[in-house]
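One structure is given below, represented as structure tokens, and several questions about it will come after.
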Amino acid sequence: TRFTVDTKSDKALQVKTTIRELITYLVYLTILCIVTYGMVESTAYFYTKAMKELFVDVNLEPDGDDTFLDIQSMADFWTYAEGPLLDGLYWEEWYNNKTFSDDELGYIYHENKLLGLPRLRMLRVRSDSCSVAEDFADEITSCYASYSRAIENTSSFGLINGTAWTYHTENELDTRSYWGLLATYGGGGFPQLLNSTKVQANKAIGSLKENLWMDRGTRVVFIDFSVYNANINLFCVVKLVVEFPPSGGAFASSTLWSIKLLRYVTSYDYFVMACEILFVIATIYYTIEEILEAAIGRMKYLKSIWNWLDILMLLLSYVVISFGVYRTITVNSTLDSLLSKPGQHADFETLAFWQMQYNYIIAILVFFAWFKLFKYISFNKTMNQLSSTLSKCAKDVLGFCIMFFIVFFAYAQLGYLIFGAQVKDFSTFGDSIFTLFRIILGDFDFLEMEKANRILGPIFFVTYVFFVFFVLLNMFLAIINDSYSDVKGDTSEGDDEFRISDYLLRGFEK
Amino acid sequence: TRFTVDTKSDKALQVKTTIRELITYLVYLTILCIVTYGMVESTAYFYTKAMKELFVDVNLEPDGDDTFLDIQSMADFWTYAEGPLLDGLYWEEWYNNKTFSDDELGYIYHENKLLGLPRLRMLRVRSDSCSVAEDFADEITSCYASYSRAIENTSSFGLINGTAWTYHTENELDTRSYWGLLATYGGGGFPQLLNSTKVQANKAIGSLKENLWMDRGTRVVFIDFSVYNANINLFCVVKLVVEFPPSGGAFASSTLWSIKLLRYVTSYDYFVMACEILFVIATIYYTIEEILEAAIGRMKYLKSIWNWLDILMLLLSYVVISFGVYRTITVNSTLDSLLSKPGQHADFETLAFWQMQYNYIIAILVFFAWFKLFKYISFNKTMNQLSSTLSKCAKDVLGFCIMFFIVFFAYAQLGYLIFGAQVKDFSTFGDSIFTLFRIILGDFDFLEMEKANRILGPIFFVTYVFFVFFVLLNMFLAIINDSYSDVKGDTSEGDDEFRISDYLLRGFEK
Amino acid sequence: TRFTVDTKSDKALQVKTTIRELITYLVYLTILCIVTYGMVESTAYFYTKAMKELFVDVNLEPDGDDTFLDIQSMADFWTYAEGPLLDGLYWEEWYNNKTFSDDELGYIYHENKLLGLPRLRMLRVRSDSCSVAEDFADEITSCYASYSRAIENTSSFGLINGTAWTYHTENELDTRSYWGLLATYGGGGFPQLLNSTKVQANKAIGSLKENLWMDRGTRVVFIDFSVYNANINLFCVVKLVVEFPPSGGAFASSTLWSIKLLRYVTSYDYFVMACEILFVIATIYYTIEEILEAAIGRMKYLKSIWNWLDILMLLLSYVVISFGVYRTITVNSTLDSLLSKPGQHADFETLAFWQMQYNYIIAILVFFAWFKLFKYISFNKTMNQLSSTLSKCAKDVLGFCIMFFIVFFAYAQLGYLIFGAQVKDFSTFGDSIFTLFRIILGDFDFLEMEKANRILGPIFFVTYVFFVFFVLLNMFLAIINDSYSDVKGDTSEGDDEFRISDYLLRGFEK
Amino acid sequence: TRFTVDTKSDKALQVKTTIRELITYLVYLTILCIVTYGMVESTAYFYTKAMKELFVDVNLEPDGDDTFLDIQSMADFWTYAEGPLLDGLYWEEWYNNKTFSDDELGYIYHENKLLGLPRLRMLRVRSDSCSVAEDFADEITSCYASYSRAIENTSSFGLINGTAWTYHTENELDTRSYWGLLATYGGGGFPQLLNSTKVQANKAIGSLKENLWMDRGTRVVFIDFSVYNANINLFCVVKLVVEFPPSGGAFASSTLWSIKLLRYVTSYDYFVMACEILFVIATIYYTIEEILEAAIGRMKYLKSIWNWLDILMLLLSYVVISFGVYRTITVNSTLDSLLSKPGQHADFETLAFWQMQYNYIIAILVFFAWFKLFKYISFNKTMNQLSSTLSKCAKDVLGFCIMFFIVFFAYAQLGYLIFGAQVKDFSTFGDSIFTLFRIILGDFDFLEMEKANRILGPIFFVTYVFFVFFVLLNMFLAIINDSYSDVKGDTSEGDDEFRISDYLLRGFEK
């Protein structure tokens, strides 16, 4: 993309240009990496883990083995809410049983300030949300379908008054919808805040339980709260979800996001800020260059895959920059408003969500930036051989992939249909695909398949391994092997290529 | 199979025909997929899982780790029957300890209507069913062999009167035989229904236990019941089995089938019905075509593998259609009779069994339907190369397979004989084969082998890996690699083939 | 080996001879398989498993997780001996708490007759069995080395009188030495029989515990007993071992052999006996043939690998036959003497040991017998190609193997030296070798290595995978690939070979 | 390196020389191995394991499942310190509840003498060690950063007097710094010795707990002690570490080193000593030879890779020898001083650390010594072929590796950025690299990735497997395959090489 100058005339000049471009690019890559790593904290994992241990991997009952993730019924949920949840949220005494001073209250693990009040939120569906089959119509009068927004039950119930018994819309609660295991849930619902002392929170939960807050219509309960750790300047946004499928039972899951919302605190943070500014400048510079190239090259410009990569990277860069600006503005205003109203729920979820997307996008940007390195090192003969092999066999590989994926999908579908209702790894078509992928790498549970169907299970497994692992994968190898031999044969003759090492050596000799 | 018109004269016409056929076939495939997916519910897995958690993965005792599957003795069985089983079957109060209203009784997880009464069924063998070795004949007077129908004990025992103490034949109980872990059990036995309240059921079980319902002759106990979930319109047929081998101890297993017996309830179901009718029409159409082709082609017709595939698919289609009709008729009549007699056991097992077979057959039909796609895309050059490779190396691969399987079976047998009595994975010849297969993929338990025999275990493992994983698998690769090189060499010259892409391009140019 | 007739003259005759020999051999193989399978019971695994669950996988304490194999101290041993061991050995009441009648006493799981009395046996070493380092000589006065026969302590101790406190030699006890995890233990020791009622046995164990039967010198305790199950005609010889290394702590292991000592009970057993006689005849026949061949061929005879295989198989056959005769004689006399003296320990261990060796030898014999099949099918062209490839690349593979194993052993030793004291999988040089083998197949625990050494662990792992998995294994593949291409190139020209299929076809045409 | 004599003139002479050198080298290698194995005890693993079971894998509470490694809070730490730690350290009665005699006190497992007094040591950071973000500055007044030496809190606190409440420097305590999971900790801190009876030790711990010895500033607590087992002449240096990250929670880890510090006790030890002397002589001999060679060969000398290997090995040898001398001197003096002052903490950690480094270095020396064997066997033709293949493809492999590692690092970084905060295996960049390596071998946890990000997780996994496992690894294979074919083609013509086997045969014929 940078060959705007005609450098064909002189090989030495071309090499010179290439090296200059390579160095420039390495500087750019370094800045990009600094910016990216400024976003993540190496302590984030330990933070997430500590919070997870307290709220997710905790035993429901002191001498049992079941944790939050093993919740199987509404009764289990109440056991969790009244026990480990309250114990985790409200730290009120030291290990020697001395109660905290007022200053020390409101911190989880002594270190993590609980922001605002935790909130329970529940969603229900209507009792007429599906039609009962004729044969059972006499006996079964109410039918509660799987959750979907259209059939949400928004009427008050139970004690009627109190936030927990009246429906609040998505706007009132200012909450995002959530993609759960079983459905995507709306942002409204029946919310209940938990007060700032353990005794009061316990009472609130007790009242909900006593008056059957959850019943047959309940499809999901969320527990939301956020904490801030000043020591490492990280927020942790915790969302505990218990879904109740129409089949009965319950499925618990959790989302914990440890994110850095306050960006510029330490002096290193300000160095990262400087790099961010350099990154913006570099992006603008590359944009101009690409525009120039495109203007000169026209249709030819679009034919190079490298140019497409450039365009993609620039687009991602602009997304990253825009969000960076947006985040900095929003975070402060949000934080101010949240901190000024202590008796409310502090919803950092939206901010956290977007911050996560931002992290993902910049991660992908860096990923592609690494790949662009290939452009600069392909002048090396061996490199050239390898990339020639790749491009030479590309068409065959594509043909092979079609073949491979027809077989693969046929097996994935078969697996889904045969084992779907029994084996977790085949319970959806998507899982089925990934499971077959994992079989190739040797990660599978044959006994589960055999248990699901003692005849078809082994047949499925053995034929799959034979056709895909033995035959198709080896054919893939044959394709690449053949292409490489060809390329090797071609290049070994024309060996008089100009090489960068020669250039460098000559440089030394001077 | 569709080249009934002579299309050799014009390549363009041939391509046109091919494309037309491909599109027709894709439509057919789509219909087939809709019909298939109309049969399965994505919620079925969650349903099975919820029921499994309640009855199978449940702890025998509140603070223990053993579940239903860990039952090891008759005493354990009674612990299960008196505890988790009754708790799972009879839901009589809410989580706040308020008892249910009468309407709410009889539902598992509040949602799943228990159909009819659950049933325990027991089978026994006679005390003279095997001969004791001479040396022990004096001391050991009774001998209870492994279960087989011929030696079933059908005489009344214990309290004599009461269903549980008198033998009922397969016809009286209207039950299917069952393929268990240790034997295939007949459908008769000593049945005991459990009443519709927990107190009465507990009393019935207590009486059985007190009077030694199970003794040395007992070989298996079944617990059968079915539930219906109106929310998702699925039946779940539950069968819990505890087998008592003649060696002592017990082996528990379970079968849970979540199936859709009432097919046409929602509007989407009626759309599926329409597709089913289209499927029948398509089947008839293809049948006629095949007959015509066969009539024209005669012996030549049978030489093409594609035609054999067509015949297989048609046969499967007719099986599917016949069963579909049969199911629709039977289900309704069965359901009516079952619902009209509430105080009886509701046996959905037979129906469920056939429905499962139906699902399997249609799954296999779709699987083959995907493979038929290859027929239509083999005009593509790369595809052709790949399938040529396959057919070229087919003979060598076959020869290789013979070699491979002699070695493989020799090892499987050796493994079975050396480790059979110690290691589960080698406990039968079949398991031994699958275990060796899994070793190739990297899924094995070396320590178990080493424990079973500290000298032969490692030798067996290392030589097997060397010969099969290192030598034979690589030879397989060599065969495919060599064939591909040959085919590639042949086709790269004759490159002037007519291609579908050319045709499509020309079409655009017009 | 059977080409004693000169068949070179006529190809058709040769094929005829080959087919005749093949069929003869298949008959021989069938007989051999029947004889082999007559030795094993498919129920043996279930028997072993049931006994293992009762004595090995049983929890030490009702609400704990530790089993027999988790015994870590002498205190744990006594917990086991007083609890699960006695509960497993003495079944004295039904699940409804009704005590057994006298006839029913003495059976484990109601089915397995306890033969003779169970026995505890303990071995000790002397307190001066090693020398204390000078620096500690003042403080530490006694030193108990790892067990070896030379330093066994044979003096009476504790209560002095009573079998448990006086040494009995190997001859007195008539016991075999035992190859344990830490050492090979002699057959003598301090034995204690357990009486036939739970109360008395408990008292005996209590007395041992009270008087410190086990102390610092104790190196191992054995618990021995045998049971016989008349239902399936199998003996189970149980040996529970707890070793006490000089480092402190304890290591428990178990050996359970389910074997068929009484061979001829059912009518099928007599059919097997007939086959055994046929096998003896066949062995004699082949012996004579081989002698003839050897006499004719002289030195040439020894050059064929097939002849060596024949000799090996014949030797194994004679070992099998001799032992078969010996076993039949011994078992009966042993059993008679054992059954006539009920108040003693019934030692089936020696018999069981030899029976196991017999089973292993016959298993290996059948294994080789399968390989001999290759001799008869190598006339097929594809087969010939494959075996030519193998023999062609044999020398290169051998060279490769030397290279491979130098690298492999260098890594194995390095792994042993670096991780040996920390990671079980590298704790001996042998384990280290197997672990490296398992890494190639993808079965390893990287985290353990990393934990043992955070720097060398990952370096070791990554370089090993690179050199062995990436480089050496692929070189192996290259060797085989290259050989196959050569062989394929050679044979594709000379394609006019006479084939067995032609012969068979001609046969049909007649 | 040993071709100081010009042997080109006569092939037979050359072979003779080679064989002589090979034999000399094998003798050297044997001595080296004996020296190395004299350093390790095969019982070391069992020793480590026994100690680990007592202190690390022990349950915190008798009926719980959590062990030392599951400590999650300061409260858990105290539970451990007051329970299992004291139970493990102080063995005061036999299994029959009889208390020990005075001689028997002070031994763990009856066998392992506790050297000196165990010690708790704690490190704290200052409350102003980081700056709180502006928004929270009002509410959060103290900030405790991750541990680093610069911000250590060295002021006295709590009860002020008593060692546990005043800071002791690294020199006072004579302790090494420690590389923990979260940071490298200094050797100073607040130490507390535990007295030699359980009652007193319990009281000391109780006092610490009561007065809040650990608070928000605490970053790590060490538990240190050493034991000596006279039976097997091994020391075990135990270090239990509980780190408290600034995020809250706790991370426990342990280091147990079983080492042989007293080298010359048994007669075998003196044999090893003799070998050690021979090793020193051999090292000197080889040093002289290398110097001669280098003097003759000059620059040419440095061009051979074998010579570099020689130099490396000699350097390692001298390090080994120096340390061996140092260790022998230091150990005795240290031990004397330690044993003479019984009421103090016995710090064997430094000695143990250096002994471990010594073991690692000698292990690496032996590793390279094995590789040097290749030099002597490369005269064999097949060997030559293989090593030619390696050297021929080296350049291509290098080019490939660059390509491979760019892709690999791009993925590692992406994985770290996407999954880092959620999945342990990606929680650092280093872990991310190893995890991707392990995926290639089939050891991974797909479900964790999917859970961390339901969209990017599977995409990441599938594309990685496709590009790296399918494409790149196969390309690697193609490179090696191609090189081997070339080399094979070249050498098969020039087959008249002089071989060692010929020489040996001729030797026999004479």
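A, B, C and D label the chains in the order they appear, each numbered from 1.
Methods note: a contact is a pair of C-beta atoms (placed from the backbone, for glycine too) under 8 Å apart; a residue touches a chain by one contact, two chains touch by 3 or more.
Here the structure is a predicted model, which is why all the values come from computation and not from measurement.
Using the average of C-alpha coordinates as each chain's centre, C ends up farthest from chain A.
Interface note: chain A and chain B, two copies of one sequence, contact each other through mostly non-matching residue numbers (shared numbers fall below half of all numbers used). Rounded to whole angstrom units, the spacing between the C-alpha centres of chain A and chain C is 49. We define each chain's centre as the mean of its Cα atoms; on that basis chain C and chain D are separated by 35 Å.
Shared interface positions of chain B, defined as residues touching 2 or more other chains, are 63, 65, 441-443, 477, 481. Against chain B, in their complex, chain A makes its touches with residues 63-65, 72-75, 78, 130-136, 139-140, 143-146, 182, 209-210, 212, 214-216, 245-249, 251, 395-396, 398-400, 402-403, 406-407, 409-411, 413-414, 416-418, 420-422, 424, 427-428, 439, 442-444, 446, 450, 453-454, 456, 458, 461-462, 465, 469-471, 474-475, 477-479, 481-482.
Every residue of chain C that touches chain B in the complex is listed here, in rising order: 36, 40, 42-51, 53-54, 63, 65, 94-96, 98, 103, 108-113, 179, 228-234, 256-258, 262, 265-266, 332, 335-336, 339, 359-360, 362-364, 366-367, 370-371, 373-374, 377, 380-383, 385-386, 389-390, 397, 430, 434, 437-438, 440-443, 473, 476-477, 480-481, 483-485, 488.
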